[in-house]
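Shared chain: chain A. Partners: chain B in the first complex, chain C in the second.
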Partner chain A sequence: MGDILEVEGLSFKYSDAPRNAVSGFNLAIPEGEIVVLAGPSGCGKSTLLRTVNGLIPHMYGGEYSGDVRVGGSSVKGSNMRDLAQSVGFLFQNPENQIFMFTVERDVAFGLENLGVPRNEMRARVDEALGLLRIGDLAQRAPHELSDGQKQRVALAGVLAMRPKLVILDEPTSLLDPRTASELVALVVRLRKELGTTFVVVEHRLDLLMGVADRLVVMEGGKKVAEGTPKDVLFGEEVGTHGVAVPAVTRVQKMLAGEEGVGVERLLTPSELAAAVEGREI
Partner chain B sequence: MMWLSGGFIFRRGESFYHRLDPRTKLLNSLLMFVTSLLARSVFEMVLVIAFMVGLSAGATVLMRVARTMTFTALFSGFIFVVNIAFTRNLDTSLLYAIRFIAIVVSTSLFFITTSPDELEQVMRMFRLPRDVVFAFVTAVRFIPVMMLDTIQIMDAQKSRGLELEKGNLIRRARNMIPILIPLVVNSVVRSGELAEAMESRAYGAVPRPTTLMAYKARMTDIGVALAAVALFAVAAYSFYFVIPVRFP
Partner chain C sequence: MIEFRDVTFVHQNGVKALDGVSLKVGTGEVVAVVGENGAGKTTLVKHVTGLLKPESGSVIVDGVDTRDASTAQLSRKVGVAFQNPDHQLFSETVEEEMSFALKNFGFSEDVVHNRVTWGLELFGLEEYRKSSPLVLSGGEKKRLTLACILAWDPQVVIFDEPTVGQDAIQKEKLAGTIQMLTSTGKTILVVSHDIEFLWPIQPRVVVMKGGRVVGDGPSTDIMQDRELLGSARVAQPQLVELYQEFRRRPRAPFIHPLDAKRWVEEGLRA
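The block that comes next holds the complex of A and B.
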């Protein structure tokens, strides 16, 4: 499969900022991958994501150099209408991306804006509600929903536009641990069922390391590490870049360093527990 | 005040009136509004109110409409007293007093049975500019969110020693500043995030967006509309042909 996202030598400086928010950034993401983007606050993650869905340079002005291509088309040369259909964006706070008075109307919001005919719209809204398993919420008002439900509604609105690439910006930051785990399971299911590519910005790495294909670490607007989660977490000192290393990794590193125990490079608590008990994994 | 506002706030319902096409509800309320203005006899006014009360009962919102009527009756009484003092005409004074109740009830019935979603649809049907309709949608949609924000800010400021209920009127007004500033800042931040989310979902991509909602006139729509038109016709006929127009 080809690359759905290609970032080549991207640099961007906001017009009122003293320095670049992103500098000389390169990245290529093959179709169907789940990629986790990590880094401390202010490292340029949000800016990078805005360049992928076109908010930069179409909404935010500044000094832009390099190129970002989605599905082979340059973001700079595309309009927001086309980009909205190829890149879905789930923002951190779902409250601020639910516009309408009922769930089904909100899921239809993007399709209405695109002028999709009613019959097709109805089918796509029902499909998105079904994928997220929230058909029973269709007539509910946003203020009647929990945070987890709001997150699902917002994601349904994104998926109804059938994007090839979906960006999730800290999707679990407002969720309790159980709902956060459910969201991760949902991402895995959607990737399997739809073949969608996901780029997830996440601070709680332990949630996603078992399912991610790739981990990219940013600091100071630059990429400081990239590879499979195992290679990055066990091969690099990502903790020094302001990333919260998962407890599972830390335990194994401690065992390797202090006790001389061979590191098996396990990513999830269940894998570690099974290894400790001497079971086959 | 909350008690009164209940007479104008929509609550979901399953009655035949709730299920009417929003255009029928608007037409009915507008016609009753105009009929109230045209009616020149107490009998016609009573007919209008009886019609609205009947619809309110069918819409299972009679108690809420009655609450509005009770409150409105206070103002109506005032209108009656002022009129009788100046005109010395019982019929005219009674007519004006009842007219005020009829106008408020016709407006109230529309708002308590029409969801914001339907209001938005009506605005779109009248070809209002998309930005104007969306400004209305956003304003109504975020009322509960802003209320929650306000409560949280008030709690946070109270926990830091702010005494909202103390002092004279000026002091109390000044005490609201630590509530209002964070609320405004929150709203500005929220509006920025909203703008990004709108762009990401193709807002403004086509000049005439489509809609998921489909409305079709049914027998109940036709029945209510016909009854409203008939009442309006009676009032219009008597206004022009039966009772000469007299202005006190």
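The block that comes next holds the complex of A and C.
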């Protein structure tokens, strides 16, 4: 499969800013991958994402060079209406993107704006509600729902547009740990069932490292590390880039080289304990 | 410092958010409140600030029944950084934002200036002094709300999901700030889903579920109670999980020299 997202030599400076928010950035993401984007606050993650969903350069002024392509089409040359169908964006706080009186009206909102015919809209809303297993909430008022449910409603609204690429901005930050794990499982299932590509901005790496294909670390507007989660997290300098290496990975790294503890892949706590049990001291 | 006496609160939509909560928090304690979404954690802290008043039972803050005090009176004692910083930022510049409460509390101009400078430096926001709060990133806004609160020096400081949007370095700094505040005798409530952030702070942990307190004790005890945490949809910190995995395996010799506390230190140093 080809690359769904290609970023080539991208630099961007906001009009009133003293320096570039993103500098000389390159990235190619094959279709169907789950990619985690990490890095300290203010490292340029949000700016990069805005260049993917088209807010930059269409809504923000500044100096733009390089190119960003989604599904082969340049973001710069596409209009916002087309981009809204190819790139879905789930904000950190679902309340920022839920505003209708019932769940199903909210999920239909984007489609209504695009003028999708009524029958097709019905089918796509039902499909999205079904995918997220929230069909029973269709007639409920969004403000009565829990945070986890609201997040699912917002994601259903995104998926109803059938985007090839979905960006999730810190999707688990407001969720309890179990609900957060359920969201991660959902991402894995949607990738499998729909082939959707996910780019997830996340500070809590412990949840996602087992399922991500790739981890990209940014700092100061530049890419400072890229690879499989294992390669990046076992790398020497990752901790200095404001990335929280999960505790169990830190211990695995500490014990690496001891008999039974390898670094071929990231281990869960029970796998690590089993590996250590097998060795002699 | 804070006492909940059999407090019940029902939201307008009929949901019972607090159901017979009794809880005492002493001066200088650091208490983490954990539990699933909708467990009543935010409702609990809104009772400490006086934004919500109990339907039955009472809440006492520093000897004052919250029903007998205005929110303004309580705000001098209790500072709260809400989950969503956009709900509490409204001034034209970062400096004005920080000065707002201080001026309302009647501090003199030079005290206001000094405290604003202290807060901006503490949270690495000095370069934004003259900028609009709206240009800050989500994480920076969150830090600004904390700086605003700490500047007026309340006795009780409440952090509602303080790590949202914060990177690893900022989280470490935040943990340091909480420890610094503890050493000055502040009473601290932290509502958080971020168990990995809470673990090294080693707070007293209150577990909530369905509006009730279902667990209350030191971190080391509560975080090892997998069943209790699981019932409240809270995960164990990875180091605790690992520690327990080792204990389950008597042949693993690695745990003997390491008690849970040293696990924290060793793990963090690695």
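Here are some notes:
What we mean here is this: the second predicted complex is superposed on the first by the 257 of 281 C-alpha atoms of A that agree within 3 Å, B and C clash if a C-alpha of one lies under 4 Å from a C-alpha of the other, contacts with A are read in each partner's own complex, and residues count from 1 in each chain.
Keep this in mind: contacts are C-beta pairs under 8 Å (C-beta built on N, C-alpha and C of every residue); 3 or more make two chains touch, one makes a residue touch a chain.
Please read these numbers as outputs of a predicted model, since none were measured by experiment.
With chain A as the common reference for superposition, the partners chain B and chain C occupy clashing space.
Of the two partner chains placed around the shared chain by superposition, chain C is the only one that A:E277 touches, whereas chain B remains out of contact. Of the two partner chains placed by the overlay, only chain C lies in contact with A:E170; chain B stays clear of it.
Of the two partner chains placed by the overlay, only chain C lies in contact with A:D147; chain B stays clear of it. In the superposition on chain A, A:A185 makes contact with neither chain B nor chain C.
Contact with chain B, but none with chain C, is seen for A:L55 once the two complexes are overlaid on the shared chain. By the touch criterion defined above, A:N93 reaches both chain B and chain C.
Shared-chain residue A:V248: touches chain C; no touch with chain B. Of the two partner chains placed by the overlay, only chain C lies in contact with A:P40; chain B stays clear of it.
Only one of the stretches 3-11, 75-83, 183-191 or 237-245 in chain C has C-alpha atoms clashing with chain B after the fit on chain A, and that stretch is 75-83.
Shared interface residues of chain A (contacting chain B in one complex, chain C in the other): 93. Contacts from chain C toward chain A in the complex involve residues 13, 35-39, 83-84, 137-140, 161, 163-171, 193-196, 233-235, 237-239, 241-242, 245-246, 248-249, 251-254, 266-267, 270. Within the complex, the chain A residues that touch chain C are 39-43, 46, 92-93, 144, 146-148, 170, 173-181, 203-204, 206, 239, 242-244, 246-248, 250-251, 253-255, 269-270, 272-274, 276-277, 281.
Interface residues of chain B, counted against chain A in their complex, comprise 115-117, 120, 134, 137-138, 140-141, 144-145, 190, 193-206, 208-214.
Chain A contributes residues 50, 53-55, 58-59, 80-81, 84-85, 87-89, 91, 93, 95-102, 104-105, 108-118, 121-122, 125, 142-143, 157-158, 161 to its touches with chain B in the complex.
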